[in-house]
Amino acid sequence: MNTNDTILNIENLKVYFYNDYGQELKAVDDISFQVYKGETIALVGESGCGKSVTSLALMRLIDSNGKIVGGKINFNNSDLLFLSEKQMQNIRGKDISMIFQEPASALNPVYTIGDQIIEAITLHQKVGHHEARKRAVEMFKLVGIPDPEKRLNEYPHELSGGMKQRGMIAMALSCHPQLLIADEPTTSLDVTIQAQIIELMISLQKQLNMAVILITHDLGIVANMAKRIIVMYAGKIVEEGDRHDIFKNPCHPYTIGLLRSIPRLDIEQEKLDSIPGMVPDPSQFPQGCRFRNRCSFEDEQCLNQPNKVNVSLNHFVYCHHWKKINQHSIEKCKIDE
Amino acid sequence: MKKILVLTWLLVFVLGISVAFAEIKNPDTYVYLHIGEPDTLDSGYAYDNASGEVLTYVYENLISYDGVNLQKFIPVLATEVPTVENGLIKDNGTTYLFPIREGVKFHNGNDLTPEDVEYSFERNILFDPANGPQWMIIEALFNFQTLDDLVADKVGTPLTEMVDENGNLINPDDATKLIEFYQQVIDPVIEVQDGSVVFRLVRPFAPFLYILPKHAYWSNIFDKETCVEWGCWDGNADGWWKYYNVKKESSPLYDKANGTGPFKFTEWDRTQQKVTLDRFDGYWGEKAKIAQIIDWGIDEWGTRRAMLEAGDADQIYMPAQYLDQVKDLDDIKIESGKRITVTAFHFNWTVDKTSDFLGSGALDGNGIPADFFSDIHCRRAFSYAFDYDTMIQEVLLGYGERPPSVIPSGMLGYNPDLPMFEFDLAKAEEEFKKAWDGKVWENGFKLTLLYNTGNDARQTACEMFKENIESLNPKFKIDVQGVQWPNYLDAYKSGKLPAFVIGWIADYPDPHNFIFTYFHSSGVYGGPQGEAYINFAQENLNPIIEAAISETDATKRQNMYEEIQKIAYENVLGLTFYQEIALFPMKTWVQGWEFNPIQSGEANYNGVYKAE
Amino acid sequence: MKSETHRIIKKLFLNASAIIGFVLLGVFIVIAIFAPFIAPPKEGRDPYMMPIVTWTSSPQPPSPEHPFGVAGKRDIFYGVIWGTRTAFRVGIIVTVVSTLIGLFIGSIAGYYGKLFDEILMRITDIFMAIPFLVAALVLAAILGSGLNKVMIAMTIFGWMYPARLIRGNILQVKEEQYIMAAKALGVKDYLIIIRHVLPNTIFPVLIQASMRMGSLVITAAALSFLGVGAPQGYSDWGALLNYSRNWMLGGQGEALLYWYSTVFPGAAMVLFVLSWNLVGDALRDVFDPRLRV
Amino acid sequence: MIVLRREFYFPSGVEGLIVLIFYIIRRVLFIPITLFGISLIVFSMIGMLSPYQRLATFISSPDRLKSENVDQLISMYGLDDPIPVQYGRWFKNLLQGNLGWSYVGKAPVLQALLQRFPYTLELTLYSAIPIILIGTWMGVLSALHHNRTLDHSLRIFAVVGWSFPDFVFGLFVLMIFYSTLGLFPPGNLSLWAEGIVKSTSFRSFTGMTTIDALLNGRLDVFINALRHLVGPVLTLTYVQLAYILRITRSSMLDVLQRDYVRTARAKGLDERIVINKHAKRNAMIPVATVSGQTIVGLMAGTVIVEAIFNRTGLGSFLALAAQQLDYASIMGGVLFFGLILIIGNLLVDISYAYIDPRVRLD
């Protein structure tokens, strides 16, 4: 994967929120990563670790009480942070588009699903209503919605959860974006529908040669879809690497803990290992490594900020004792694909 | 998009701005604003000022007063005013003869004939609606208060028992009796005699001429032909009872009028309480100076006043207390006039047992017995406890006079030197101590005084009694309550009020109209003054009142009425507060305005006109 | 729990209009409590009746002993001060009673639904279809005029609004799981209503009640305008304004000659209603779960 | 708290129409029952009055009333009959379409009501436009600037309007625009304009002067009628504004939190389109119901404005009837209003289904 076809390069992104008490919450604290054309990258972590905020920051849709305080977001070699709102609007939905977790509430209840898609198409592709309608039907077929002509005229509340998510995807992809951000796309769907949606996204990605940022806390989905995985914890990246590296050779204690807490069918497990303690309150992050108070390998060295260490090609970790931890985990249990 | 919509809407509104000030608005229309609207245009039924002020100029009477002089008459539809000297009053004042003017046209072109005059009076007598004004004519001609009593006397059974409420005879063969009644009792009393109309009274009635002149709209002259055509009584002896005491709204003349007066009735817009009259160019006499009259009821004082200032109104009705609001405005002048009216405070000698204004009903400090005011000391104590001069100076702002008793100034029987009550709290205290041989002062009492909300003068009078009497003795409690008119009427008419403030506007300028009303046992205010009073009146007042009415010699009548007023003073039958001087704010461009104390309206429509 | 209340109080005082609302309300409460000291009534007299100071009925300008001037022969200052007590008395009694009635009817209709709901809601529709002013006037004629009679009328024709609101909320809350769970546990119906249903639906009613506290004063004023309600001379802002309405156009060419007879009672009424509305708005912004901004 | 009033489902196409018609029939069937309920309640209230009290409306010069007249009048108008008998008599007349005579309106009750209805309708419609437009406009503005100066000042401005008794404000408007500036006079029309309207050449289509004037091509009468409308409309608007503003504000605040607004933004739509098209359309649902209620409420609520600006109307007619206890007018008026209110609510509910597709008309 050579570097010149990077479509997105985030450097030292910082996004802080200010709550009613005037405290500053460092939701995203100095994040950097790249996304390559046609590649699926997964942002993984417990809820509240800043992965959604990162995605919203990308689209510059941060709520009113939050602010992007630092860093750069280079997309197609222009920094999104310096674009005017007008320029940003041209990008949203055309070059970068997004789908959300709750299909039920993500679609406007008072307009038919057709209207909402046609609106996106006419906005970005400067085509007449009739032509836009034709393209919407095509998109519906693409995402596998049966009898698209009839479905276009129906209101969101008349569609099932899965159907709505397919509609969302159709809308997001209607203008063939270069980058799709999928924020927990399958979380609210039941398992059978989840599988269909994942297959759909994989096939669409190939067809449209589109980069996808998949945001989820479900490692199962990540294993299926993502080429590269970024593990986030408390607003920071703790480990980054290819799928093989992360699943086969996890170095950061948090990543290991995550992997160990997945229920396995193939081996006997009386008790699931879970990570002790709770995600710290964003207003009082511990000094130095933010995972240290839950890390069994904690020592005074962890008091200062761990820096980025290159474990192998494209595999990085932010931990002082990653070697020791890595060794420990390999011996403890063989984890295969 | 929305902002534009709102702006256009505002723009359209402001488009029609035209600053209209100073020069005379609607120069040939006289706009007079007052409260309420006419009750009916049927002169036989109407008994309120709002109807009166319209009827006075649409219809005409046999005679009229000579301008504002209420002691002298001038002929109108009659060619001559009957007097003993010119022989038109005969048989010791029981026969009056009116020669009828010829060539007079009704608004619809019909001619005035003596038959019209006879029909007008007979129709109204036979109509005699409850709470209507016809008692005056029936009393004058037949010496009975109602047609019902007259029929009861002559036929044996009262009319109300012979006729059901939609005018049919309960027992059909009464028809012959009633036909005879008409032919023998009613018809001969008013007869057409070659070009004149003769009235034959059952006994001399001194103020008979006062019941007939202009402003006495119950004596208006109809056109028989039109009335019959519209569905009134057809004039025949048979079936007259169908038209007796019919409901106000079902009278054919309710909202139609065809008179001989200087103005034609054009329209009564009942959604705006507005009556429009236009000048009748076929009028036989001197034509009115203004072309159109708008007689409009606008109940909100602020709106009336704003329209006067802006010139959209020429004259408005104004309660006295708002005087200094319009006093020194440059384009407004204020005329005044003393009406023949008296406001007085009267006692109920035996309050109805079920009244809830008696408190505990005993002299125990939180109530009064039903016959509290039958004790003269209580009444006299109240008479000393009222500050008559402050009432006139402060509440009426000086626009009022104090007549000694119920007879207002400007009329026979009025004598300013008669004894008057004075305000003296010390004497009031003495009287209270003597009342109910001392029990009143010892245990104290509590009574309720009621007024109808909106009447500022009556409310202040009650509050004055409260302030003064409660200052005499801490055990005295007076509760002042304002109620809506229906509740006031209910309490007052069923004799539940211990004492009440009430006013009377003269029907006609003769002392009998006041004395009978206030003091006679069957007068309008007789009933509400309680059982004890009725007995008292029957013994020592009714005889003199009835004697005075049939006395034709003016000086003798004057002494009789003074005698009655002395009795009233000695027995403290009532406390006269004031005779009001009314105020009439109008634009300075109003000319020819004149006030007649007996008129029911506030403007002489046929005389006013507008000029700088 | 601490942080929750802390958050609410903090939230309340961040919001400017909430501060104005609470401060104003505090001032009115203080005036109402200390009315006998601020404007001492004559002993042996009904304290709610304004003392008569002159017999001329035209208003007198403010003077040292009558700081707000004289209107309708009575001292405006006394009327405005004691008017605060009247406003609270009318507001609290009518709102509390009518809300309780409304809660009772609304919760039964909402919770039991079907037949109850149909009948009770039809009755509510009937009561709402009768124009309030007509009903109040007829009732005043029956009961006699005076402020407490009018309060009865306002209560009889005031319970429908809380009833409809609570019913709507209950219909929504009824579907929630925790109600099903409670039923599954066999908890008695009325206990479910009191412990589960009402606490979750009470806030909108409280907020509506606070709004109505303010508006009742205006309704009372409207009734005084129509000649019912508090008589002239009673310390009630509505009655005072009803008197001063005839003097509002001023006199002798000066439009604002009698400004004080309208400004003082009018300002008192506006500020009173304003305070309740701002408090209501503030409460809704804080308590309404949706508006966690 | 935005509560969906009722569950209505309104599928598009023919199927929807059938559901709609059934729904209307069901609601219409309820009207007589509700009206019957209203008449029972009001009549029983009137029944509690003493015959003397109820006599007041039948006599014109009360202070001239003689005692013996009182009993004669009471029996003539049947005031002392037992209440059920009087109700029965009234009900029998009602069935024949005769609502009795109105002493306040000095005409048959039905005619008095129908004469006044167009004036009230006209005033209500002309006030409804600014109330709803300005109310929603300010509501959205204050929601968009949540808790900032504009939000506070708009709300205080509106609440001051709401907390002003309308007769005080009405007189201010009268003083400023009429007494001093001479711009907008009270009453329905100036005398000359009324002359034209009353003339035979002027055909009355709707009874509403402004519309009739346009239909008759009389622009001058139209302008004059508008000038007379400004005062009352201004008063009603300022007083009623706060309610619409508050509902719009809280509904807008709620909608702005919703996910689909974020989706709209994620689509790259301009903020103005996100607000006006997506957010506002949803926020207007509860506002529509409230606006419906406000319009219907205005019908009865214009008593004081009609009195101050001396306009004909149902409100002042009913208030006068209630003050004088003219029972025929009260009964007729209350039923008339009941009908307007019920039909008004029905229309609001049906429009509800159009505005919010989630709403089912079952």
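Read from first to last, the chains carry the letters A, B, C and D; within each, the first residue is number 1.
The rule is short, and it goes like this: a contact is a pair of C-beta atoms (placed from the backbone, for glycine too) under 8 Å apart; a residue touches a chain by one contact, two chains touch by 3 or more.
These numbers were taken from a predicted model, which means no experiment stands behind them.
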Chain at the geometric heart of the assembly (C-alpha centres): D
Taking each chain's C-alpha mean as its centre, the one farthest from chain B: A
B-D or A-D - the one linked by more C-beta pairs in contact: B-D
Cα-centroid distance, chain A relative to chain D, in whole angstrom: 55
Averaged-CA centre spacing for the pair chain C and chain A, given as whole angstrom: 53
Rounded Å distance, chain A centre to chain B centre (Cα mean): 93
Rounded Å distance, chain B centre to chain D centre (Cα mean): 40
Junction residues of chain D - those touching two or more other chains: 49, 53, 171, 174-175, 179, 307, 323, 325
Set of chain C residues in contact with two or more other chains: 14, 141, 227, 245, 248-250, 293
Multi-partner residues of chain A (each touching 2 or more other chains): none
Chain B-facing residues of chain D, complex: 49-50, 52-70, 72-73, 75-77, 101, 103, 105-107, 112, 115-116, 119, 129-130, 133-134, 136-137, 171, 174-175, 178-179, 182-183, 185-188, 190-192, 198, 223-224, 226-227, 229-230, 307-310, 312, 323-325
Chain B residues touching chain D - in the complex, by the definition given at the top: 2-3, 5-6, 9, 12-17, 19-21, 26, 29, 31, 37, 39-40, 46-48, 51, 130-131, 133, 135, 145-146, 148, 160, 165, 245, 247-249, 255, 267-268, 270-272, 294, 298-300, 302-303, 306-307, 309-310, 312, 484-487, 489-490, 493-494, 502-504, 522, 524, 526-528
Contact set on chain B toward chain C in their complex: 301-302, 305-306, 321-330, 390-391, 394-395, 397, 453-454, 456, 459-460, 463-464, 467, 474, 481-484, 486-487
Chain A - residues contacting chain D, complex: 59, 61, 85-86, 89-94, 97-98, 100, 102, 105-111, 119-120, 123-124, 153, 155, 157, 168, 171
Touch list for chain D against partner chain C, complex: 1-5, 30, 33-35, 37-38, 41-42, 45-46, 48-49, 53, 146-147, 149, 151-152, 155-156, 159-160, 162-168, 171-172, 174-175, 179-180, 242, 246, 250, 253-254, 257, 300, 303-304, 307, 315, 318-319, 321-323, 325, 330, 333-334, 337-338, 341-342, 345
